[in-house]
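Presented sequentially are two complexes of chain A, the first with chain B as partner and the second with chain C.
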Partner chain A sequence: MSEMVLQTEGLTKYYGGKLALDHFTIRIPRGCICGFVGRNGSGKTTAIKLLLGFLNPTAGSSQVLGCNSQQLTPAIRQRIGYVSEGHRLIRWMTIAEIAKFQRAFFPGQWDIKLFWDMIEYFDLSKKQKIKYLSNGQRAQVSLALALAPNPELLIMDDPTLGLDAAIRRQFLEGMIGLIMWQGRTIFFSSHILGDVERVADRIVVLDKGVVRADCSLEQFRNAVKKVRCRFTGPILPKVNIDGLLHFRQSADELELVLVGTDDKEIADWAGSSGVVEYRAVNMNLEDQFIEYTAPAGRMKLFQWEEK
Partner chain B sequence: MKFLTLMKKELRECLPWMVAAAAVLLVFGTLELWTKADPAAVGYRYRSFPPLSEVDSYELIGYPYDDIGPIVFLSAMGLALALGVRQFWTDQYTRMWGFLLHRSTGRNVILAAKISSGLVAMTVAVGFVWTYLFWYAGRDGFLPVPPPARHLIEGWLLVAEGFVVYLGTALAGLSKARWYTTKLVGIAFALWVVVTIAGLWKLAWVIAVIAISVAILLCWIVETFLKREF
Partner chain C sequence: MALWIQITPGSDEPIYVQIVEQISEAIAKGELAVSDKLPAVRKLAAELVINPSTVARAYTILEQAGLVTTKTGSGTFVSDPRMRSKDASDVNVLAERMDTVIVRSLNLGLDADDILAMFRNRLAKFSKAKKEREK
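Moving on, here comes the complex of A and B:
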């Protein structure tokens, strides 16, 4: 069994009387790029703040690199890179000044060459002041600052928010560069599913504070299916198929959204239900996410386990 | 090293306010001293006493402290409020805490760097400028009678009062309560200390009140900061 770098158990957070995170339980193994997806207000930032010990949980516990999040020591923090939402940096500093500032906190592990290579790759100059940088440029500086200390674990809160497609791609390429070094783990939240699809190999789906999936991306991609069936006659076939999340119907068509149902089960059901023709609809990750977290299926929970 | 790096950053952020407070105190303080040293002003005061009355030399020229003291007080209070807001309120509203807190050092070091730089800023921008003005007033021949040494200490106590207000503002900045509930308790406590000190005559009592209130506020801030959610 591989070592878990992030592990939570029943993590729950209330803000006053409002439930933000409900029994959040995940296990992220070393060496993966994990996309943490959810709609706006689903609790992603709260979860990340709890993992980093900025918030105290109402119930439950979490461990990062084997250390309780509430007691992260400076030595453990030194091994974690963090890119905060909105790329908050010290505005009055230049890129060179902020690099010097950060470097003081990572004695012996700050890779000067890597930092300046990244700054050059992003076409920035060390004399540029942070306050005059665009959102995208600040994101690039944030990434370079987080990567320069060679962290074992990189946690990023919506790092591509507000960036245009070209900058996002450049940013993601930087991330992939990091994972090329063996043993590094990236946990990043996003609601841009295309980004997650491009770089992640694992996915955690959060919906209204509840974990709906924690599995490999491939497993998720294979599991969530949409099948469109055509049938004849006035009577609708009875939909009693395992893994049904929800269905929509029109005059002579039925659209099923299924989770974890294998093709044989679908064929068997189609054969026994008077379906004339059926076909699987091609879905990208975004379509799958939207279907999977649609309100109609929200009450149905599925077990996701790494096989 | 980490502490000094944090402190340098904090001091740099305090710099504009330090310069503003020092400039106000220096300009208005110097003007007051020049007015006091003007022979015409001394003559005016002299004429206001009845003929042949016994007059204390300080009554004749006036204490420099009486005129510069309020400027020191206002500079210290203004700077204290500005620094407290800059260091603890602005970081909250610009959501900088995440960036500041996630580093290979404890929260206590981050807080210590902030408060130490606040103390240094108050000392340099108001305390040192006041000391300079006091030295300037005491130069041979500048005033008919040099100011007494006790006034130097009284000026420094005004700076210390400013530090109390700084801590009160910091505490209010760290509070997550709404402004109309308990958020401003820190500032209210500091202002109560300032009003209390205004009614005290003995220097020892003033020093004691300042020391106790600084200790209370520091404990309060440390407790709040270490347990606070960001």
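Moving on, here comes the complex of A and C:
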């Protein structure tokens, strides 16, 4: 079995009486890029802060690089790169000053050449002050700071939020560049499923504080399916098929969203349920994510009435 | 070797399938000839800005299909068609796929001659590319 870089067990966090994270259990093996997805307010930032020991859990435990999140030593922290949401950097420093400041936390492993090459590539210069940079430029500095120590584990909280396509691509290139090094692991949250699909080989889906998936991206792609069926007679009042997540029906069509149901099970069900014709509806990762996290009851809000 | 691969994240086709299809097509058209070398996994991953394991997955599928062979230490190469196995089940699968096209064509009101002409036309695109390369 491969070594787990991130491992949590029933990690739970309440803010007062509000449950933010509910028995969050994940296992992330070394060497992968894991996309951490979930809708706004699903608890991604809370989970990341707990992993890094910036918050204390109400219950449960988490380990990062084999060390308890609440007791991360400087030696372990040195092996972890972290990019916070919104790229918060010390505002009054210049780029040169912030580089010097950060470098002190990573003695002996800070790649000066890589840092300045990136700064130059981004058309920035050492004398510029952080507070006068645009959001995009601040994100670029933050990316260079994250990659310079060549971290064994890189954790990024929605690093491309609000960035233009070109800077987003630089982040993806940076991630691919880092993963080429032996044994590196990246865990990043994002709302851009196209980016996740491009670079990730693993996915964790968080929905209202609950982990709904922790698997390879390919497994998720294969598991979530949508099938559209036509019937001869009246539509069945009940749909009995394993893996049914929810269904929608119109006049003579029934749409099923299934998880982990194989093609033979679908064919068997169709054969025994009076289905005249059925076909799989193609879905991209974003469609799959939306269907997978959609509560059955809520979908109706968006259904258009037929006139 | 300039291998032209264009990937579209957000497509309903997974990225590794897009790579498999484009390389398969390049081999069929002769844009990639026997014993041509495919780009190294890491190089292609960096170029396309995708996870190296996605490229590796695509290469494994191409290898299982017999289109390429991997020589440890030296890379992945287009295999000789004479060395690719063609068993009866592969041919059956193709025949069944053709049925789908035939059914749609007949339903559109095309007759047998139209269908054959269309098929020759499409096929010509592939052999044309191959001939140009051989010149």
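Just so it is clear, the second predicted complex is superposed on the first by the 292 of 307 C-alpha atoms of A that agree within 3 Å, B and C clash if a C-alpha of one lies under 4 Å from a C-alpha of the other, contacts with A are read in each partner's own complex, and residues count from 1 in each chain.
Operating definition for what follows: a residue touches a chain if its C-beta (ideal position, glycine included) is under 8 Å from a C-beta of that chain, and two chains touch if they have at least 3 such contacts.
Everything numeric here is computed off the predicted structure, so don't read it as measured data.
Would you check which partner chain A:V227 touches, where first means chain B only, second means chain C only, and both and neither mean what they say?
Neither partner.
Touching A:D195 in the superposition: chain B (first), chain C (second), both, neither?
After superposition on chain A, A:D195 lies in contact with chain C alone.
Just checking: does A:V205 make contact with chain B only, chain C only, both, or neither of them? Give me first, second, both or neither.
Neither chain B nor chain C is touched by A:V205.
Go through the superposed model and pick first if A:V5 touches only chain B, second if only chain C, both, or neither.
After superposing on A, A:V5 lies clear of both chain B and chain C.
Counting only touches as set out at the top, which of chain B and chain C does A:P74 meet: first, second, both, neither?
first
Jot down the residues of chain A that show up as touching in both complexes, chain B in one and chain C in the other.
Of chain A, no residue contacts chain B in one complex and chain C in the other.
Under the touch definition given earlier, write down the residues of chain A that touch chain B in their complex.
Per the stated touch rule, the residues are 49, 52, 54-56, 74-75, 77-78, 80, 82, 84-86, 88-90, 92, 101-102, 104-107.
Going by the contact rule at the top, pick out the chain B residues touching chain A in the complex.
Those residues of chain B that touch chain A are 1-2, 5, 9, 12-13, 94-99, 101-106, 227, 229-230.
Quick check: in the complex, which residue numbers of chain A touch chain C?
Interface residues on the chain A side: 32-33, 169, 172-173, 176-177, 179-180, 193-195, 197-201, 218, 221, 282-287.
Mind pulling up the chain C residues that touch chain A in the complex?
Residues 7, 9-12, 14-16, 42, 45-46, 49-54, 57.
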